[in-house]
């Protein structure tokens, strides 16, 4: 399916402020960016670079005044994410070198503290995809998905204690549980078709059967229509914007996703 | 200045044929891509990856039939390339690690065979920018720039013997001469505003004074309006398309560059 | 000064167990490895790779039985670590791309929760080296350094609450405080001459004045003799060994550091 | 088998001279470095870095006077290199991204000019290992291997015209022939047990059947005992030393390889 996605941001900047953005989706095996627009005003010097996870990031110093950022892309993505209940657990010695980092605990995914819980969730499941599926199901039934309920990222431990969270929070707990079982898992930020309420979204991917699979405990009816913008260990790596210095006032954050072709 | 660039390609493919393209310009310190379109027909699986020089490349297998590729971008670039006659030679020990590879001889830049010629050209010039300027001037006066005069890349030795060449050929000789003096130099392929006749273009950059500077022996009146698409050691690294297997028939290659704003 | 360092490990492995080691120091700007031995028994297939932070890591699957690892190096390192009270804070827009990741919160360094404390510690200090020095001093006076007091890594929040910790813990808190001030900071694991009691050691580095400087709140008398083995965001990235599956029994961990020449 | 390899170099340096060395073998899937010594005199600041092909390189500026470099390693390597006559040609679309660069022509391997010769050599051979084997056989019978017959690297075209060459030259022609058939091929510099006369050696590897295989047209009796020190497109990338500025006088280059255990 073809989606047109957009993110429209505006900030009130009181003092010259360094920003790092992560808002340009990349073409890859799972999606193709056919059209891309990226407008930032006022006019200033912007440098784009690739971070350690392969994401395209933009650096600049916003001057005092209103800062507006508008990005839109036309993306070919799958109507149904791939599912393979038979995808097996990959033994550590067979993981590619660059996947190993997704086994480590990270800021919001304290996987070193979840081994017991993870083992209780996946009891009797076949190692691999079915374990991750069990984790996704457990999240869906145990952690209430309440969009807009948290502003700052909370960690897997906090989410588990609280019993509820935003998309990012459920992903953090899912990732922590996977990693505690030595299943590589990573955070994805991006767009999702038909997400309600519409906003930037977050989900996670797990590496089983020799590739990454999408998991999203916040959804039941939606089966595809994902557009990835950034990958990382957790929310610390995939902020759509990082701003340094005194906080800026967000005037607008408007996200749209519309289907433009089959 | 703001330029709208486009490249429109069509091929007649007789048997399923693997392609690797290098046609998506990247935002960086010198240019900002505000809008980007990349259309390939027929519909097929395309994988984009980053090569060893940081270029975005696209891989796919074109099926039998007509293959069309259309890419266009709106780019902010400088009206005048930076010039600094005082930029000094950078001693080897002060070159960044990732610049060192641009000192090595490469397929079409046999810098190991040009030391004598280079030294005669730069006699009495201050080490650094002025030496490269002398090389660019020498190329302009010595090697006739004849667009369309060669189809396949020729090497610096061949260009020097022949005394004429296309943009790519002059760049190869310029690069070979720079490297023979231990000045890092690299090939750039891209677009140039007001190029006559309009086509994809090639020029070179030399690393002096701690950064890369643009040099282009094919032009005199033009001072800016460059849009970089790919970087590499020479033409071997920056083909806008590489095609494997039996040759395909090129039906169309049309390039446009128009100014859309100041 | 020239140091001979060694680490001698033995494990009782009950079932075939994947290991990833980080025990081979690399030569760099700050140290030169003149001699290096790395012995692992029993004989098995070992693959060495470079992780995302540039560390040399070794992967293998240890069979059932005793696993012994012995590594020793002769290293030239500085007798006095560099100190520069005038090294200024580097504004975000001037940080190299590959330093930016060291601004992010990480598993054991929840820098997003330390802004208030950090600001109270560095009140009136000149931005840059002197702020990090104030943080190091504060750690030394506030957090008791008790070698052997924790087995598993604890996070900056936990260390701050507890008021004591091992070398790794003090480094975590120091890193979190630096990053909360937008000063890049990273974890280092390695050897330290005259450390008492002798063991593998951990400290941190902060990026000010355009380079990395060593800080170590656990020491007062020692001024140099550091040998770096691994770098990362925090202890999650720089475990000298990561072992997967059922826990293995550590039979021996013996570390030595002796001076062999001036 | 376990080999002790060493390279002992001495130069007479007349003016401070930048050097880049490639003399530290790395552990990998095919070899394990158990012991490593690397001594450079006089004492000076040396920086080690990893180049674009993963090689460990050392940079320094040698002062006026005698420069000595001594490096030795104990290495576990295979007594017989892997051979698989059934390893098939890997279609371009299935090559890993980081293998693609080994399809390109390079300084000393003008693969763009060898298609006709290559096709005549591999007539009727099964695509893949058997084609490379045919190329190796053809080299062995057609190009005389004359150690010491060339000082500077010569290119595949030159080697083919001349009909003889050193190890490096035969490797260049083998690589060019492979690449002209879309088989990725790379240069390796290193040590070889029982090489006569003993010196640093060069051979090539071809990527078939999903991995790299060793080929060496200079040998017939020897079946293993290879120790790799550097990888690259050709000799331009894998010089054991690169020296900049006025030529230095080589006082000594002595290489040894002895078996120390089975």
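Per-chain residue numbering starts at 1, and chain names A, B, C and D are given in the order in which the chains are listed.
Going forward, a residue touches a chain if its C-beta (ideal position, glycine included) is under 8 Å from a C-beta of that chain, and two chains touch if they have at least 3 such contacts.
From a predicted model like this one, the values you see are computed outputs, not experimental measurements.
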Taking each chain's centre as the mean of its CA atoms, the one lying farthest from the centre of subunit D is chain A
Looking at A-B, B-D or A-C, which pair matches C-D on over half of its contact pairs by residue number? A-B
From the mean C-alpha coordinate of subunit B to that of subunit C, what's the distance rounded to whole Å? 43
Separation of the C-alpha centres, subunit B versus subunit D, in whole Å, is 30
Give the residues of subunit A that touch two or more other chains, as numbers and ranges in rising order. none
Let me know each pair of chains that touch one another. A-B, A-C, B-D, C-D
Using the touch definition up top, name the residues of subunit B that touch subunit A in the complex. 26-29, 32-39, 45-50, 54, 56, 58
The residues of subunit D that touch subunit B in their complex are 18, 20, 49, 51-52, 59-61, 91-93, 97-98, 100-101, 103-107, 109-110, 112, 152-153, 182, 236-237, 244-245
